[in-house]
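These are the structures in question, set out in turn.
One chain, chain A, links the two complexes that follow: it is found with chain B in the first and with chain C in the second.
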Partner chain A sequence: MTNLSSLSFYLPELFLIGIILLSIIIELIPGCRKYNYFVVLAGLISVAIMLSWSSTESVSIFMGMSVSDPFAIFFKWIFVIATFYIVLISRADNSLDKRLSGEFNILLLIVMFGLFLMVTANNLIMVYLSIEMVSIASYILAGMLKNDLKSNEASLKYVIFGAFASGLMLYGFSWLYGLSGSTDLHEISAALSGHMDQPFVIYMAILLVLVGIGYKISMVPFHYWTPDVYEGAPTPVTAYLSVAPKAAGIALLIRFFSSTFTTDISTTVSNIDWTTLVAVLSAITMTVGNLLALQQTNIKRLLAFSSIAHAGYMLMVIPVISVDARAAVMIYAVPYLFMNLGLFFMAIAIHNQTSSFEISKWKGLGSRAPLMAGIMVVLLLSLTGLPPTGGFIGKVYLFSVLIKFQQFFWLAVIGVINSVISLFYYFRIVKTMYFSSADDETVFKIHPLLYWSIISCVVPVLLLGIYWSPLINFVQHSISMF
Partner chain B sequence: MSMSELVFIFIAALTISSAFWVVFSNNLIYSAVALLFTLFGVAGLYVFLFADFIAATQVMVYVGGILVLIIFGVMLTNQISESTVTQTNRPRLLAGVIAFIIFLMVAYISLTTQWHEGTVQTAEKTTTVIGDMILNEYLLPFEAVSLVLLAALLGSALLSRKQHG
Partner chain C sequence: MNPTVLIALAILFLPLLSFVFQIFIGHRIGRPAHWVSLIFIGTVLAFSISILTNAYLLHGHHVLNESVEWFSTGDFTLRLGFNIDNVAAIMLVVVSLISFLVHVYSTEYLKGDPRYTRYFGYLGLFTFSMNGIVLADNLIMMYVFWELVGLSSYLLIGFWFEKHSAADAGMKAFLTNRVGDIGMFIGIMILFFMLGTVNIEELAYEVSIGMADGGLTLLTIAGILVFMGAVGKSAQFPLHIWLPDAMEGPTPVSALIHAATMVAAGVYMLIRIFSFLTPDALAVIAVIGGITAIMAAIIAITQNDIKRVLAYSTVSQLGYMVMAIGVGAYQAGFFHLTTHAMFKACLFLASGSVIHAMHHALHKNNDHDTDPQDMRNMGGLKSKMPITFLTMLVATLALSGVPFFSGFLSKDAILAGTVAYYHAHHGWTIFLPIAGFGAAIITAFYMFRLIFMTFFGEPADKKIHDSVHENPVPMTTPLIILAILSFATIFTLPGWNPIENHGWFTHLVSEGENFAGLDMHETTEGIHHAHNTAMTISLIVATLGIAFAFVVYYFKKFKADSLAAAANKLKLYDISFNKFYIDEIYNAVLYKPFLWWCNVFSKIDWDYYDQKFIDGWGWLTLKISDASGYSDYNWLDQKIVDGIAKLTNYFSRELKQTQTGVIQTYIMGGVFGLMIIMILFQSI
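Let's turn to the complex of A and B:
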């Protein structure tokens, strides 16, 4: 589709760019800076309205550079919700410098635009560019606390790992380009089918591409940056990184592998066995994430390892190349968004009061703040994957896909064992809250923004655990991909 | 061997050998100067592909701009010009062996693969073609790059600014 006629499919993105520019201008006008927060929130709502109006056709836009399809729109909803939450609660975090809140919001919106590009990318150039856009803005966000050495360390580590990973990914792209002479994902796929006799070169390219995308979703063995960056970055940023870029990475992985390395709906290109490769990586990812999470005493590090484990769960069904598998990942992403955000918001609330992220600070929460402690129990149940929560429904769909598809049955077994391991460290938090008496019996104070955000996070988690058919319907309508 | 082939081999050798120098030199200034030759060599390779505009841009942006900035950065930073940078990898032998195996693998694969054959390049005006492509086929990436640059600008201003108050 030509550039001009593509614009009508690009309204949410255009609105988003408008908000970015508007909020930069507002930052420059003296006396207007305090309105920036509300402008950004209103802007995000306008993007959401545009998103709900956007066409559900699957078309390629901007002369094949990008696509517009229901699959992408589904993930865009996740990004809009996550960004809205983070902008909303950034006010309630005491560690962030309030004078930099304008820059914080603008960078967050740029990350969000990068995520939009990531889930719609249909060309190697767009894939690379979108990953870089997300990364560069995230490096800065991770280093927002300039006086905090840990934040500086997080930013620097993120930059070095990120540069290395995208370098390797670009090298992989150059192999794909060398084989096909094209940067369009579908044309590459067509060219690769002619290389039946040379599987090594395609394996090499797949491995290198996996480095780049695996880094974004913190897949083992490219996860080394995750705990340090998650610990050092400002907590709202950590919460964002653990949800939105991870979902985008998974979406990109699905699109990339199903358009480039898959011939029709269920066979891999040139009989390349990348499915086993991804299955093994998924098993390693969730096992390493869960085992390392066992010994963490810092809530941010614990959630970092838990997010690695969850990346493993979502990767689990990608080797099963089918519509059901895609749907299962999408179903899982929704409760994951809410349960992770809710826990991070609680971590912010406790850090505001105690200036510490140690889990021991959660002691006695069961009696000091019964409602909040109860909500945390629900969120932790959901992360473990126990009923009656959304996380349980998500896991049921993931496992049912694997069990239906006999080839990767072993992966389902590993997944179940991992869920049991995760029960241990998630419930250590519950034990700390209910069975250890608090060191100080001060009243637990929580910023009202955080309070209502946490409550609004737990509602969908519980609701999806009891009445999940609307979500399933929505996913069924969003399944089609260009 | 024709004249152009000789020149090509000379430029390629210059690029690769100076790239080695960049990596192996212990002194940052030497590395920066060696990088100058590498970047010039790459510009030369572009000329061989009849990509004259890219070659000129390479010289202007990388050699003229970025490299000068790097050298300024090195020279204006206290003590960095005297200090030597050594990178020690603890299990050196193991790392070397693995790197060598990967090198052999990549070399084997790239030599045996039947690569896509592009069209033979001819000398023609490239600027019109590039301008046409940027505003048609590659409009979206072109515009997206501007937003990446905006983020980078904003971030560098944010991080380098003195803490106020």
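Let's turn to the complex of A and C:
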């Protein structure tokens, strides 16, 4: 499709660019600065409206550089919701410098734009550019707290590790280009299917691509940056990183692995058995994530490792090349978004009051803030994957795919064992809230924005645990990829 | 979305909102909080009436039949949905009207109760659950709400839980209902496995196309099992024992739940599933209904507690309705449900009014021993409480089946049904008309006994009589409204002939259809033919009953006591007074033997099995375990069990070492990781 006619499929992105430019201009006019926040929120709503009007056709746009398909739109919804939440509550975080809030919002929107590109990319160049666009803006966001050494450190580590990973990925891309003579994902897929005589070369290319994306979703052994960056970065940024780029990484992984590295008849290209590779890495990822989380006393580090473990859960079904597997990941992503955000918001609330992220500061919340503590229990139940929560439904669908596809049955077993391990550290938080008395019986104060955001996070988590048909239907309609 | 769906959703969920409000916020506001409930339930009433009007104008089309998918597993999809046909539309109005009136009435009756707002919350919960039963389009959803009304009934019976008898009554109601509900659930499951659906219309359709022909016996069994739910909820013999005890709850609750609506839920459910009940199942239903009708009526004669008389009367009337369904008088059964709801609610609220007044009078005279509910302590209240008297008289006339009142029309139709049933089947079925007419004569008698004992004659205690006053407007208004609704003309509109039932009701409710073998055309014809016979006999028996009550209690030609003594020569009085000894029989046949067996088993279990056998093994085991315990603790527990935990912890701690915080190590980890993967997986 030509560039001009492609624009009609690009309305959400065009709106987003408009909002970014508008808020940069507003930021430059001294008297208008204070309206930036509302402009950005209104802008995000307009993007969401555009998104709901998006065509559900699957077409390739901009001469094959990008695509527009329901699969991408599904993930765009996740990004819009996550970004909206983060912009909304950025006001309530005391550690963020209020003078920089305009810049914060603009950078966040740029990351979101990068994520939009990432899930629609159909060309190696676009994939690389979008990943860099997300990464570079995220590096700055991680270092937003200029006077905080930890934040600076986080930013620097993120940059170095990011450069390392994207270097490897770029190397992999060059191999792919060398093998196929094209940068278009579908042409690469076709070309790879014909290279039966070069299995190791193709294997190397796949592995290097996996490194690049694995770094984004913090897959072991490219997860090292995660805890340090999550701990140092401002909490709203951490919350965002744990949800949106991770979802985008998973989306990109699905696009690469279940279309480019898969032939039309659902077998792997050139019989390269990357499925076992991903399955083993998924098992290692969740195990390492959960084991390391056991030791944490800092809520942000704990959630960092828990997010590594959840990346492992989502990776579980990628080796099963089927529509059901893809649907299961998408179903899991939705409750994951809400339950993770809810916990981070609570961490912000407690940090506002105590200036600490230690879990011991959660002591006695059960009596000091009964409603909030109750909601936290629901969210933690959901993260563990217990009923009646959305997290349970997500896991049911993940495991049912594995059990139906006998070959990776062992992975389901490891997944269940990991859920048991995770129960320990999630419920240590519950224990802290209910069974340890608080060091100081000060009244628990919470910013109303955080309060209502947390409540709005728990509603879908509970609702999806009881009535999940709408989500399943939505996912079934969003399954098709270009 | 269809606007009717929104209205239906509002009808269902507004009462729930009222419950949530009263429970969580109400107690902070106090008494004015009842306005929220009144407004919500009033809105529900308005919506229900709009739906009924809509149904009337639609001429037999379904007002609403919509459902959404709840979940699907494998081939089975469970859908939640509403099905509002004409029957449901009428039932909605009945439920919300009486609920609303009871709300109004309770603002006065419960004034000053420490849990005032909670009471209104429970009423909201009940109305929500009851509307759920009415709206449900499938048996599973109905079952869920069925249990919910059971819960709200339990909460309301035991509302004054400081009284032991109230707490026990709540428990008794709950447990007795459980017996019926288990049967109902098994019945639903049989229907599901037989016909593959739980949707009521689909079930009827499957039966109508002959899907159940091979298993008519099974369908009969399923029907009887589902009917067990109604036996429990509608207090039919032999599970009727909970309803009289349920009178421990506040009187407005008795009016709403234990007279007009919840106990009618069983009948409503039978009406819903009528089209696939087999003739055999219907025969069982008819007999149970007949037994209940006559037995409860006999018990009611000798009771002295004003509420208990009404409670047994309710059981008896519910027996009528169930019997009507059983003999195929579908329309008559539902008609009696509707009319009975109005006049029985009126009777209960009126009795509440009397009790309330008595209570205040006793309180004023510092008399705390006299029972305000015992009719022997009343008498001569006619002049003191004219509104209560007149409304109660109207409702009594309706219940006794006197022409120009609604009960005449509906009872008549049921009696015609039983006569027709006898004409069609002969033999033992003579029992049904006998039970019907017998109960009719007794009903007329005991209701006028109640009226005379309460309102006429000499006051039992002059001092108390002097301090009795009519209750304020919030209590009398509902009485007046319900009394007006007990006139026959209300139901025959637009026709004005009060003894011919051809009004909006017959226009809306069909004669019913049955796909399981009952010829509805023949049944309807039979009822039509039996109409005049039934009307004549029922007029005679009503007159007889009322006349006898006049003779005994008004003119006092015979002394009631000597009559009782005469009857007691054959132990008749005792049987009636002691409710056929059913509680005692259950005690002797069920509970006592059960406890005896429990004791026997406990003795065997403890004295022989436990003390000798187990302890013998225990001794042996002790010796072995001493030996094995040592190895177990030192090896299995300390090494393996703790070992796994320690190992997990160890790995965790070792892995923690990789998280050094030094970026160089991280990169190295990444590179080495990549290399290891490369080498390990290169063979693939």
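What we mean here is this: the second predicted complex is superposed on the first by the 481 of 482 C-alpha atoms of A that agree within 3 Å, B and C clash if a C-alpha of one lies under 4 Å from a C-alpha of the other, contacts with A are read in each partner's own complex, and residues count from 1 in each chain.
In this section, a contact is a pair of C-beta atoms (placed from the backbone, for glycine too) under 8 Å apart; a residue touches a chain by one contact, two chains touch by 3 or more.
All values reported here derive from a predicted model rather than from experimental measurement.
A.B. asks: With both complexes overlaid on chain A, does A:S5 touch chain B (first), chain C (second), both or neither?
C.D. replies: Neither partner.
A.B. asks: Thinking of the overlay built on chain A, is A:T297 touched by chain B (first), by chain C (second), by both, or by neither?
C.D. replies: In the superposition, A:T297 touches no partner, neither chain B nor chain C.
A.B. asks: Who does A:Q407 touch here: chain B (first), chain C (second), both, or neither?
C.D. replies: After superposing on A, A:Q407 lies clear of both chain B and chain C.
A.B. asks: Classify the contacts of A:S55 with the two partner chains as first (chain B alone), second (chain C alone), both, or neither.
C.D. replies: neither
A.B. asks: Identify the partner contact of A:I272: answer first if only chain B is touched, second if only chain C is, both if each is, neither if none is.
C.D. replies: In the superposed model, A:I272 contacts chain C only, not chain B.
A.B. asks: May I ask you to decide whether A:T442 touches chain B, chain C, both, or neither, giving the answer as first, second, both or neither?
C.D. replies: So A:T442 meets neither chain B nor chain C here.
A.B. asks: Per the contact definition in the header, classify A:F200: touching chain B only (first), chain C only (second), both, or neither.
C.D. replies: After superposition on chain A, A:F200 lies in contact with both partners, chain B and chain C.
A.B. asks: Looking at chain A, which of its residues have contacts with both chain B and chain C?
C.D. replies: Residues 200, 204, which sit in both footprints.
A.B. asks: Could you pull out which chain A residues touch chain C in their complex?
C.D. replies: Residue list for chain A touching chain C: 156-157, 160-161, 164-165, 168, 200, 203-204, 207, 211, 220-222, 224-225, 227-228, 272-274, 276-277, 280-281, 288, 291-292, 294-295, 421, 467-469.
A.B. asks: In the complex formed with chain A, which residues of chain C make contact?
C.D. replies: Contact set of chain C toward chain A: 68-72, 648-649, 651-653, 655-656, 658-659, 661, 663, 665-667, 669-670, 672-674, 677-678, 681-682, 684.
A.B. asks: Which residues of chain A touch chain B in their complex?
C.D. replies: Interface residues on the chain A side: 3, 17, 20, 24, 62-66, 99-100, 103, 106-107, 110, 113, 117, 123, 125-126, 129-130, 132-133, 136-137, 139-140, 143-144, 146-147, 178-181, 191, 195, 198, 200-201, 204.
A.B. asks: Contact residues on chain B for chain A in the complex?
C.D. replies: Contact set of chain B toward chain A: 105-106, 108-110, 112-118, 136-141, 144-145, 147-148, 150-152, 154-155, 158-159, 163-165.
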